[in-house]
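Two complexes come next, and they have one chain in common, chain A, joined by chain B in the first and chain C in the second.
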Partner chain A sequence: MMAHAVVPKDRLREILGSLLGKYRLVAPVREGSTLVYKEVNNVDDVVLGDDIPYKSPKEFLFPQVEKIMTFSKDGELKPNEEAPETIIVGVKPCDLEALKVMTAVFTKGKYVDTYFERKLKNTLLIGLGCKSEKPGCFCAERGINREYSSACDIFLTDEGDSFTATVISDKGRDVLKDFDLERKDRQETDQNESSQAPVLDIDADENTLFNNTNWDGISEKCLGCGTCAFVCPTCHCFEFKDVVVKGEAIRYRCWDSCMYPKFTLHASGHNPRPSKKERYRQRVMHKYLYVKQNFGYVACTGCGRCIRSCPVGMNIKSVVSEIMEELK
Partner chain B sequence: MSFKNQREEIIAICKNLLDEGKANLILGFADGPTGEGSVPFFIRKKDEVDDIKWDDACTTNLAKYLLEKKEGAAIIAKPCDARAIVMYMAENQIDRSKIYIIGVECAGMKDKNGAPPPGCLECTLRTPPIFDILVKNDNSSVQGAVNTHDREEEPGFADKLARFQKEISKCILCYSCRQACYGCYCETCFMDRNMPNWLPNELDIGSKMMFHLGRTMHLAGRCVECGACERACPSSVKIRYLIKELTDFCEELYGYRAGINPDEIPALTAFDQNDREVGFLGGEDDGSCCGSKG
Partner chain C sequence: MSNPYLPQKAELVEVIQETSSDLDIKTYRLKFLDGGKMDFMPGQFVELSIPGIGEAPFGFASSPLNREYVELSIKRVGLVTEALHSLKAGAKVWIRGPFGNTFPVKEMEGSKILIIAGGLGLAPLRPLILYMFDGQNRNKYGDIQMLLAARSTGDFIYRREFGEWERVKGTNIVYTIDRPEDGWNGKVGFPHILVSEMDIDTANTYAVLCGPPIMIKFVSNKLVGLGLPKEKILTTLEMRMTCGVGKCGKCNIGHQYVCIDGPVFNMAQLSEMPDEY
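Right after this comes the complex of A and B.
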């Protein structure tokens, strides 16, 4: 049974402040003209508004560069099991949906990624509903309710001077139990998860999509900069790098992107995806087909970040619409 | 002539080019996906021509696409696009006779907040240095060039380093600035090489300095000041000032400004025994260049 509480905005700041010592607190903060998820040391920096940070919070579960182990000459192997107790506050429904995809990819497949799993276990997610659709957003077309999601521990709904906090998990309840909060009766029906089928979805077999789509035309503008992958909440490809330092070696895991030429470059020199056509095709097919085949989710939640960040206006929403039109 | 009149002229020129078969592709602009700004537009059919956008939001430097479309392409070129084309000619990257340049006089661009975008503020060039046909703009209210690089106000070394490091702390090393830059066309960027490996491994300030200083040095005397790097940056890193410093340095020392004359040998390609050697070991150090005081 979910419980609801009224949390005045000042009070929320106090609560976050008192949790600050115990947890690593991650929240949207302003950095010049940009809004970005950052580890905060001062709750006054926390911005819980309607704007959406330009990058997703995935880096706190799946860091851009992660030292995963060190090994010495005599074979001693030390995994880096660091996973600080973390609260991420202000996570939007599109990103919560994306974390479902990430969780499936990293923990529900043939192998479990213990690095991701450990971090996820130690992370408390506090969601925050969106009031308006931002330019480039298309969560509605992807069947996601921008106002509410239960894929977190506590969900906040902005009510003006206060938030309504919906406590979803035991973990969420435990964190709030020491704070005396006013309970609120609320109709459960107010907060339905969207059960609408997404209107933006590709229903085609792999070969048709691969062979019968005008990938040359679609990818023509692309610069191959990979910004889309860096801001995307579901992009999860990575590479390893071993670095030898004095007496030991360190293995790093770093984000990679299918938009880069080196992503598929073989040691032989052969590259099966030699141009942006193949690379962009991979991006769309991975998001809308391969993850669905493997894990049951479409790996695009309509957050619109890639559309907003693209220097040349590549638009996955219109690309997918175009493909749907072609397949009709 | 206003943007509106210019646009009509551009459309007429493009229709003509496609009609006469002088171009099989025209690189231009169209409305952006979110209704704001503009995006590159590849025009192949006559009925697409009417969707061409030309206003103060057409900031993208289209020249880089010429590296892929080497033959039969026409390009709508602002002064900065045209300067990039000049550099491609000087660096033997394109064959001038195989492309058609629709030069467009530029009254200055605006970002979505109405302010001049990166590059525009300091730009002194209103007419493209190279074109096959020119679309004029006789609007006298063009933005005046502002000198944003004031040597007198220059801070000391420690402050400069602090400013640089503060700015690049926002960088996420996605290299979108490199991809957007006309001048970054190396087949394999030094940052992508792994034998030897130039890129340090942690996402720390050292890695970011490595990349930005490396890229800056590679652009010495080559930057055409189009501002594509800063516009492409998802993290709003304002890094162009560093390259601007080298650009000014190059102009002062060697009298070379990139992208003006295709027949002039680029500064870093030319060698003259009488070249000034400021900053070289044993070279002159008169403190007048590169803000070497402090």
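Right after this comes the complex of A and C.
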């Protein structure tokens, strides 16, 4: 049963402060003018406002560079399975939706990615609603309610001097149980999971979309820099890289991007995606079709980060709109 | 759940030089150490690691019924294979798997079999061939015809075993090379031409192809033309399969992942997939 509590903003800071010793606390903080998710040691640095952080907090569950195992000098294999107890606070509804996609990819099917699974299990997610739509954002078109999501343990709604905390999971209730909070009656109907059906959605046969779309024209100005993948909350592709340090071989898992020519390059020299046309097609079709076919989610939440970050103004929202128009 | 990226330690117990023209293919016989083992079926693959260099996918090349060791036949072509080719018997490597689907050995029972392989393409078919040749299994399959192709006589892998293969009951093997050579008494020419000369019972045959992509394409078109159903023409695909477990996002063709939905596909499936492999 969901419960609601009134948490004055100063009180929330105190609560987070008292949890600091027990948990790794990750929150939006300012780095210059940029808002980023970082591990914090001082709760005064935590910024729980309306701005959307530059990247999603996915790197705390799926690090950009992650040491996954070490082959020691004497021929032993040591997996690095550390997963610190973590609280991530201030996660926006779009990024909570993205974590559903990441969770499906990494934990559903025949194999489970135990590195992601263990980190997710040890993470408490505290969501935070958005008041306004930011430039580039299109979560509404993707059918996501920017004000509320239940895909977390506790969800915060900004009420001015206080937050309304909606306690969603047992994990969320347990972490708050030692703090004496004022309960609040609230109409459940205030909090709809989804505001509307997505208007930006591709309903097409795989081969039709693959063959009959003007991918050359659509991808013409793309530089292939891969920035979109690095700021995307659902991009999850990776490569392994071994590094030898003092006789030990350390295997890292690193983010990779389908925008790069070497992403699919075979050792023989053959490349199934030799040009940016094929690579950009993969990006759009993976997000809007393949993940939906395999897991039931569209892997684009409308967070707008790729649009805000692209050096040449590529815009996935207009690309998808254009495709939808062509398919009509 | 167990960690799907953790490999088992294995020892290279024997390294067999395969080709004579470029000397760039070797067959590695491996035994798992520390009580490790790996049960697999024809068509599956492994990820092999050399710590400090990296990891790469390779199809099994030995019989799945052999519980003593596994074999992988590997061409020197990239980082991992270059390092592997410098290793000698006694060296330790790391292996995880088995991954991927298998040739449909149960469905294939009762049918005649046509194997068409080009060059190193014979390696991933060898587990299937040896599985069908096994005394327990041979009677479950009809006649086995093979068309084995190589650029030159020196490029046939497993040549040392061909005599033994030819002696298996109900087996007929045709060999072909690209250009005439002195003393060669096999065929000369490409498999898609020679396949027309073969006596194929199209109503009751499974064809299994592996080789250069162009060979697979031409031969399968020819077989479809001869009346073999697309569902009964099988092949196995290669991709840059980093993880082997459907997570890393490198080997998809459309929504299907070669590492978990393949690597074995039939031509009916392939004809419905986007042309990107």
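Structural remarks
To be clear about the criterion, the second predicted complex is superposed on the first by the 323 of 328 C-alpha atoms of A that agree within 3 Å, B and C clash if a C-alpha of one lies under 4 Å from a C-alpha of the other, contacts with A are read in each partner's own complex, and residues count from 1 in each chain.
As a working rule, a contact is a pair of C-beta atoms (placed from the backbone, for glycine too) under 8 Å apart; a residue touches a chain by one contact, two chains touch by 3 or more.
All figures in this text were calculated on a predicted structure; none of them were measured in a lab.
By the touch criterion defined above, A:Tyr23 reaches neither chain B nor chain C. In the superposition on chain A, contact of A:Phe179 is made with neither chain B nor chain C. Between chain B and chain C, C contacts the larger number of chain A residues.
Shared-chain residue A:Ser309: touches chain B; no touch with chain C. Of the two partner chains placed by superposition, chain B and chain C are both touched by A:Lys241. Looking at the shared chain after the overlay, A:Gln64 reaches chain B, while chain C stays out of its contact range. Residue contacts after overlaying the shared chain place A:Tyr54 against chain B, while chain C stays out of touching range. Comparing the two interfaces of chain A, the one with chain B and the one with chain C have residues 241, 243 in common.
Partner chain A is touched in their complex by these residues of chain C: 1-7, 9, 49, 51-56, 77-81, 92, 94, 213, 238-240, 242-243, 245-250, 252-255, 260, 272, 274, 276-277. For chain A in complex with chain C, the touching residues are 68-69, 71, 75, 77, 79, 81, 105-106, 109-115, 117, 206-207, 210-211, 236-244, 249, 251, 253, 256, 258, 263-268, 270, 272-273, 278, 282, 285-286, 289-290, 293-294. For chain B in complex with chain A, the touching residues are 32-40, 42, 60, 64, 170, 172-176, 178-180, 192, 201-203, 228, 231-232, 234-236.
In the complex of the two chains, the chain A residues touching chain B come out as 31-34, 36, 54-55, 64-65, 67, 135-136, 220-221, 223-227, 229-231, 241, 243, 250, 252, 254, 260-262, 304, 307-309, 311-313, 315, 317-318.
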